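Next come two complexes built around chain A: one with chain B, the other with chain C.
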Partner chain A sequence: MADIKLGVTLYSFTYEYVTGKYSLEDCVRKAAELGVDGYEIVATQMIPSYPYISDEFLAKVSEFEYKYGIRPVAYGANTDRGKLHDRDLNDEELVNDTIRDIQNAHKLGCKVVRAQYLLSPENLVRIAPYAEEYDVKVGIEIHNPETPSTPAMQRYLEAIEKSGSTHIGFVPDLGCFATKPNIKNYDGALKKGANKEMLDYAVELKRADVPLREAEQRLKDKGADPHVMSAFYDMYGYLTFYNEPDLDGLRRIMPYVFHFHGKFHAMRNGEETSIPYPEVLEAIFNTDFSGYIVSEYEGHSLRADGLVDYDAFEAVRQHLEMERRILAELGQKQK
Partner chain B sequence: MAQFQSYNKILVCQEDGISNIVVNGQVVAYELKCRYPSYRGTYLSCIEALELYVDGARVEDERISLHLNGKIFPISQLKELFSEYWFILDKGTLRIWQPGGLAEGEHTVEIRMRHRIPYTGYFGEYLVLDSRDEKQLEVLRGVELDG
Partner chain C sequence: MGLQMRIHLRDILQKNSLRNYYLRGRVEGFQFDVLLANYRGHFLSTIEQLEVSINDQPVPKKDILFCLNGKEFIVDDLKNQSNEFWTIATPATIKVRKPGGLEKGSHKVTLTLILRNPYLPKPGSTQPHDYIPINSSDEQHMELC
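And now, the complex of A and B:
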């Protein structure tokens, strides 16, 4: 049985933070009010001295812990391979940037770093000794349209297993187990005036696994409007969904999973609208996983678009309530 | 890609207005504030173009400097600045050298920014966004800076 702790990534409060409604302290206070054990911080978003960590910032984090009782438990790193205007970062630079992120995470007391796919399997292996020295685990985020079984993630799995390191692995984003069109994607397109019949046809094409280019042509031949086309591209991209969640793939990689992003877009009647949390949490629950699932609200613009009537805080509250309910039921079953 | 375009509205900082800059009793320039339009900060080297339009007319890049992180940069240099990070809550100051500054009252300020999202690009192509924001800014009276 897994030892699952619940957290929040402060990224959930992005809209409030960027528009000045919440300060960093407000974000931490709000997370604490939700009764979580810890929070994740996206370094490029909330650390003023990024890419380094100042003593002043560390003092603030400690002050907030004293006041509100929670600390950062995971460090969201961005693998910014494209930061130079004339070339990609080379391997040495990417490794150097990732070591800096490991050091930053260590200063903050985070045991997990989320890295991104631009850090290649070879470079992930290169940073393993540093991850071990600092005792910080570095996981590649598995984000839509990737799932644990897709070829790109399998290449990481092979490299991780071959390395023998206990400190490199994965951070799956639960959005990669979506089985329904995303609410922003589907309802949002309808709201903008997409033709419903055509939009449903796009969903049908995705469900039938028609390859992107062919599906695109079929929609264009039928005269699909731009709103349908835009939604269609998202369905094949970062808002994709599958007929079955890749839970076998997840079980296969679980020995190397350090942390989860509990991605969600919208809550309705106590359930997430596109990700089958009961099934996904049951799969995690029945493993030896020990770590955090941090609620990651991605519906920042849904309220402004009139698709939901709650704010980020309420959204995360409902998400945590759902997770606690499902985990309690699983615990009961266990007995 | 909606998550990347949702924050265009923070590009031009309306509440800070426009300040005329006085040196030795003469107005030599004006300043206004801007923010990086995203959910996270970025390296200045990811800014591929930064254009300023005041009352509908393009201001030549040569007359503009960006003040950020306690330093001053010409627009043409931004692409080289891969060690300068623009924190998402920090306001940059655009100084425009213009004898006489701007006349009292409201002016239409538009900023257009082309910027690269450095962690995209799975297949080699990075996402490059064109962000723009236009607001009415007022020349603030009584805050003429000397410097």
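And now, the complex of A and C:
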């Protein structure tokens, strides 16, 4: 049975932070009010001294922990391979940036770093000795349209297993188990004036696994409007969904999973609208996983767009309530 | 233009920030403040295009300074600033050299600001160094403070 701890990524409060409604301290305090003891911080979003950790920032983090009883548990790194103006970073530079991220996480007391897929399997293996030195686990994020079983992720799995390191692995984003178009994508397109029949046809094409180019052509032939096309590209990209969640793939990589992003877009009647949390949490529950699932709200613009009537705090509250309910039921079943 | 990112959750050109600035007792030009249209900050080296027009008149590149973290960069030097980070919470100040500055009243400020999203390659691209652009452009009628 897994030892699942629930946390919140401060990224959930993107809208509030970016508009100046919440300071960093407010984000931390609000996360604590949600009844969790750990948060994730996206370094490029909320660390003023990025790409470094200043003593001043460190003092703030300690002060917040003292005041609110919550601390950073995961460090969200961005693999900015394209940061130079004239070329991609080479392997050495990518490794150096990731070592700095590991040291930053270590300073903050985070036990997990979320890295991104532009850090290749070979480079992930190269940073393993540093991850071990600092006892910080580095996981490649598995984000839509990838799932644990897609070829790109299988290459990481092979490299991780071959390395023998216990400190490199994965951070799956639960959005990769979505089985329905999400509300931002579908309802958002309708609200903008997309033709419903055509939008449903786009969903149908995705459900039938029609290849992207062919599906694109079929939609264009039928005269699909730009809102349908935009939603369609998202369905094949970062907001994709599958007929079946890749839970067998998840079970296969679980020995190397350190942390989860509990992605969600919208809550309705106590359930996430596109991700089958009961099934996904059951799969995790029945493994030896020990770590955090951090609630990651990605509906930053939904309220302003009139698609939902709650703010991020209420959204995360409902998400945590759902997770606690499902986990309690699973615990009951166990007995 | 192709696929672009634009996370427009707030104003980009900052209200009440347009003012004339002084150097040794004389009005050297005008300035205004800008926030990024994104959810995270970026290195200045990811800025690919920075242009300003005032009342539909394009400002020559040589007259623009991008000011952040206590430093003032000429436009052509921004691309070399790969360790200078612009956080999402920090307004940058754009200074435009214009001796005498702007007249009192409202002015139309047009900002073209395009960045490279350095962790998001264009989907399906097989080219190196080919990333989704972030559009952080804006246009506002701003009152001189």
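One rule holds for everything that comes next: the second predicted complex is superposed on the first by the 335 of 335 C-alpha atoms of A that agree within 3 Å, B and C clash if a C-alpha of one lies under 4 Å from a C-alpha of the other, contacts with A are read in each partner's own complex, and residues count from 1 in each chain.
The criterion applied here is as follows: a contact is a pair of C-beta atoms (placed from the backbone, for glycine too) under 8 Å apart; a residue touches a chain by one contact, two chains touch by 3 or more.
Since we're looking at a predicted model, the values are computed, not measured.
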item	value
Partners on chain A (chain B, chain C) - clash or fit	clash
First (chain B), second (chain C), both or neither touched by A:Thr19	both
Partner chain in contact with A:Arg87 - chain B first, chain C second, else both or neither	second
Touched partner set for A:Lys137, first chain B, second chain C, both or neither	neither
Residues on chain A lying within both footprints (that of chain B and that of chain C)	11, 14-15, 17-20, 42, 44-45, 47-48, 50-51, 78-85, 116, 118, 300-301
Complex contacts: residues of chain A adjacent to chain B	11, 14-15, 17-20, 42, 44-45, 47-48, 50-51, 78-85, 116-118, 184, 298, 300-301
Chain C - residues contacting chain A, complex	3, 7, 9-10, 39-43, 45-46, 48, 79-80, 82-83, 85, 87-90, 116-119, 121, 123, 128-129, 131
Chain A to chain C touching residues, read off their complex	11, 14-15, 17-20, 42, 44-45, 47-48, 50-51, 78-88, 116, 118, 233, 237, 300-301, 304
Chain B residues within the chain A interface of the complex	2-3, 6-7, 10, 39-43, 45-46, 48, 79-80, 82, 85, 87-90, 116-122, 126
